[in-house]
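I have a structure here, written as structure tokens, and I will follow up with some questions on it.
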């Protein structure tokens, strides 16, 4: 068992939230310091989880086990593998950055904001570390409430609508997942995710229980597909992302969407490999639609934040495509390596999308704070006025369109490489997405914001402040670092995906 | 008494009881006056009681279950009448009417 | 059995009876100034009844020739009834003082109602059952109309009364046939008699059940026997609404379960279908209609119709085989959680009503600013009803749905409907949360809570949280309490 | 002979019951109710439950009916007579309800008749009243006691509601 | 020496990083850093190039250096740099040209407000181009390929205040992106079928044979070897990058960038990366045997583009645009050469063209700078006397491009025509010859219009020679343009052949063909071809001079060809309306589609859940809430109620009538009873 690093990394933010709770609401400065400090401390634990994970050994590590509700067979079971470690790290990285940014921008109801944000972090990390279905579900839902408030209280003009839409969509998904989980439990008699994965298909062979197992499969699928979000379950996302406060959008896009992708890999694929394989073509089709549709819708947007929100639909489509291809390739002639590559790509894309879109949303926040508009038609020529902002946006934007040398490229490469070997047609159509992505990044964002004659209105627009740069720089550094040297993270992920690839 | 039992079948009583029950229900559903409804309820209760006594006589065992039940029902009926009429009077004080059609402040 | 030990087994009821009479006498004897203390006397009586119940823990026997049973099942629901009443009394002092000239009768009535609840859950015979049920109903009618000068209160009372009188009369009519078919009114004996050779009598059991369900369904307020409840809930003084929505409903469930399990156990396949259909209609109707309610009490009425459906899922999918997720356990678990959550909400409503006099949902706008304590706790309880983690509500729903899933396709259907409607439910629960937190609201001063609601709210929240974090003790309690005397194997 | 007696009594009971629900004047209906309840009492007597019949007369005719008539008089005093006559005594769903009641009657009767009731002929206890009294003190003590509490509670409640404030 | 290969792209990268991270504040220092980076790279590059001369066996066993090793399931993907003759040759050309153009830029860009940024960008570009040529695998090649694309975008829209500039940048990136997507697919296909992307492993004999034997199995394309399919996809990338028809539209507009950029990126290096790619992947193209679909496609597209662009160039008036179309045309030449199997000829032309086209562009830049940013040739004239150095160097470039003996272009172009003449595709030869004539013609036209006659505008009147820092590169390049062709003089060419060491170039680069299993055969000199070629070149120049130089145009006078060619001229002037066609079809369609999807999304057509609850659900709830007294019992007695609904209001229908409630109760019981009694 050893040192309970996972409990620590999960519950340190909650402890911070408690500390914030006990502070008087008037003392905003201390509250901000405590919150950012807690998140920064947790980043240390996040790094420790990464560095402490034994890549050579692979598998589940740092496992913790305690009896929780023994009569229900529910236990406090935590553990991480190559799938969770990068995502935990991502969470612990994005949270302090988002909080740091918020410390300067959030002025109303400060205490509630930081309190909720820290609870949110616990929920997210908990999902990545939980190995028990119920524990997973508990953390999953825990993330829902703070985000609901974050959007609803500190959001934009249509925040209430967006908040409730976000909540209901996610709730609808998670209750469907609950049904699926219970179905798995009924058949396997365990809430342990690894145990269920080991026994479920043996107990309920897909071939002879197609309808029932498919029902359970789609129930769980729905939860993750909504979170991901997969077309056509994506419609909550543009509203939620657009209306959320900057830090909320960062976490929404950066981490919350990953819960969906993670769920596919942690639960759905291991527990239902045959069902997943069976349905993979349909899912891949949805993924491809997400990619192309999301990118095309981006092209038509004029609201910068909404545009980036839609870009998430498109980019998370890559994740789904990778996973679906991986599932389809299980036990197929295309070989395990293709599966592993596709899955590597999916996980890597989750991580990359986290840092890239996180940075993009921070940048949108920056410009919105200054200009109080996000309408692209009102901008122009900023390239000459705010060169730092231009530079940061340029890097993040090109990372988003998958420019080689920046992080996003590798994940797209792996996803499409895996998919092309397994389901070539889908991959070919999906590649269309990278063309459209270039269109909206360069045409819509870069051109409308930065190029052309400077608009009189913005001549006095201040450039990035030092704390904004501090919030953004680590993300950009990771884009470059993993862009030129992705080996460490790919090796980490590969330990887990190789195991997944040998499922059938 | 033996003679009566021998000649009047149980089902006759049950049919009378059923008739009372349905008439009572009709009254409950069709009348507008709250007091009339209360009377309908009394008919239903009597229908049940008639069943109890008949069953006690025809199928009941040696003990007094049916009879006691009937007695309890009568007590309860009295209580219901008391409370019910009190409520009706209460409504009356407020609305100057016992017409149920007018009692629709609460709805939807 | 000698009289002393019989009385010992009836000690909780006796405590309440004596307590109720004491309050009645004190109300007559005391001056107006001292009458204010009646709520504390009632509270003391109720608190005293708790150890009386606890001391009987583990007993399982039938007394008074089978008229009453003392078994864990009954004791559990007695606890629920007493617990509910304690919380309600905590919330009612200020409320009543503001609205009613005399408050003494209220405490007498609610103690009597609690007594009636306890008697109902322990009834082992149709006679005592009917009697106790009517006792509960009659006291409830008066309580709903307690604000006798208030048109809504009186209207709610008369509607409740008329509906209840008819429903219980139909139930009684059904009981008469049950008696006719078996020659007995004892539940255990009925079950034995129904196993007798006469097929036509066995056949009679189901129509009889239908008539019985009219009465039970009324008490539980499950669709389609629910229609009185929105009117009565809205019209009633809010503490009474709270009592009706928890104690009365759970008593109905206790009686329903005992009669169905003990007397009609052999017919489960049939009545489970009927009740399952009721549950589906309840969940859909309750939750959808609640979406449209502008009044929070009325919304909670529809919400509790929906929750009756959820609880019913647990009951209809129960099995006597030992499984991890036994439906009966689920009902008990749900009941306890529902107690604290729902009462918590009503205490919040009471506190808000005390401060503003409004029960309109739109007036909750900006509550976070006016009283963070109230807003946060109310939101917490609403999330518990939604089934969000770290609330008791999550595990209650989890348990009930789990038992449903284990029960095959029909259970799966029930669970699916339950899950779908719980999302719908989230919509209107969140609407309140939205108003409290997101909408600034019009000017309004800070809200100060009375001592009673404050204590009650905190208690309810702490217990809900404890269940939400570590439900094992409650699950243990519930699983030991499903022992029902006289279930034939 | 017994059947004729039964039929006559039942006819009176049922006809007066019909009167209860169909007479537009509430006062008349109440009188019909008294008649019907007396008829039921006679049926009890025919069934050999003379004691119950006596209680029926006492409780219903003596108490409940009086209460009802009192209430009618109170309300009519305030409302003025004849208001009911102007407007229908029935609500709009009268005919539908009639049909439902008739259907229900058909259903119940059909069911009741088709059941083979396990009739056992047993003598009425000689000292019925005495034995019943013993039973009420013994086996049925609890209902008996509780009933008195219920009565107390109801009266208290009723008084609370009615009492002028 | 080879160990330093990694430094070649990394030095400019370091310069880029240094400039962007802070050095940019100091303009001078930025220049020095950039020049230092590229200068060192040049030194190392030439070191490597000379080391590859004479070192045998590099083709079969190139020097390799692994940089990145990525786990892919149980296997690993190894990526790195390599050195072989083709790399060596490119290392000879690229860093040298870069260096010269960097130096030239010091003069050209002096005074620009984003001077430092310019040097950062071009340094990054140098990284891309140098990385491209040293990659030992297709993936790295793609990586650097895209980095060049980025730089191209940034540099074309360098003066981003100008709408035409940023639009051109966008067009360039997006158009090439289409090709890149195809290349990406080809790369993925290759990777997924062979499990590797390293050139050395792909070009192993068994690997190539396997690829040539396996059918692609595409439903519509019939029998198509996998190798051909991959080659075609890869060629898609080359079409984009090298601005071949139909993806050529971006290159002319790319001239919006600073002229040194046009010279470096859009003439000498980046655009020829497409040719390099085809050359690099040549074994794969050739795997399915000579004359396969991939090769033929390359040949036809190349030849067609060569003629097509040349015709357009005839009708352009912008000095840089003429050169841009000329570049497209010349790239088509190279492609056509590769397509017909003239590997050596194609690469040869790549090298010579790089030098003389860079020279021409730099010359035009000098003209533009000298003539105060006037780019319209019809407004120039008479610059010969005002800018003599520019004129003479430009003339050298022109002669090289036209293919006049003994300038560089003569040798390489003749090589290509000779190959075409001997190939099975005689039509290629005809087309290329026609293009050669037109090339000479428009160059004659350009020189005549720009330098000869009298100034036709105030700007041209005032023109001054450019500073020394710009003249020097021109002169160096002029020398190279003149003599470089001599390294590839055929062995059997009288006098020169033996003197120059029996065609060293052919021996050096021809070895690469060993990978295809073929032996490099240098074609003998064909005097017929040579004669025709020379005639066309001289004839074209002469024709240009006759029309435009002999009788100089007056100011404001229209192009004499316009009158003679009529509508044809208009079509040429408008570049065959290809842009308009794309605008009307592909672009409009995409935008339309995106608007449609966005409308769908924002109008909630696909909003299954919230709308159900929020709207339909609200309606349902509305119904149910009336309900709860009306519809439920309405279902029971709806008919009766509806009949009377006229008399009493709707309000009356949906009361909170307790009897309605009871009716539901009774009805429920009745129905259930009936069900159980009847059944």
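Order of writing sets the labels: A, B, C, D and E. Residues in every chain begin at 1.
Operating definition for what follows: contacts are C-beta pairs under 8 Å (C-beta built on N, C-alpha and C of every residue); 3 or more make two chains touch, one makes a residue touch a chain.
Everything numeric in this text was worked out from a predicted model, so none of it was measured.
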Chain E and chain A - chains in contact with each: C
By count of C-beta pairs in contact, the leading pair of chains: B-D
Identity of the most central chain, Cα criterion: A
Chain whose Cα centroid lies at the greatest distance from that of chain E: D
Inter-chain centre distance, chain D versus chain E - centres from mean C-alpha coordinates, in Å: 100
Intercentroid distance (Cα basis), chain D paired with chain A, Å: 71
Euclidean distance of C-alpha centroids - chain B vs chain C, Å: 27
Whole-Å gap between the CA centroids of chain A and chain B: 66
Multi-chain contact residues (two or more partners), chain C: 127, 131, 134, 138, 141-142, 145, 148-149, 158-159, 162, 166, 170, 180-181, 183, 207, 230-231, 292-293, 423, 427
Residue list for chain D, restricted to those that touch at least two other chains: 91, 93, 97, 100, 104, 108, 111, 117-118, 139-140, 143, 147, 150, 154, 157-158, 161
Where chain A touches two or more other chains, by residue: 164, 168, 172
Pairs of chains in contact (touch as defined earlier), listed by label: A-C, A-E, B-C, B-D, B-E, C-D, C-E, D-E
Interface residues, chain E side, partner chain B - complex: 625-626, 628-629, 654-659, 662-663, 666
Sites on chain B touched by chain E in the complex: 25, 28-30, 37, 100-101, 103-108
Complex contact set, residues of chain D against chain E: 91-93, 95-97, 100, 103-104, 107-108, 110-111
Chain D residues touching chain C - in the complex, by the definition given at the top: 111, 114-118, 138-143, 146-147, 149-150, 153-154, 156-158, 160-161, 165
Of all residues in chain C, those that touch chain E in their complex: 158-159, 162-163, 166-167, 170, 206-207, 210-211, 214, 218, 224-225, 227-228, 230-231, 270, 274, 285, 288-293, 423-424, 427
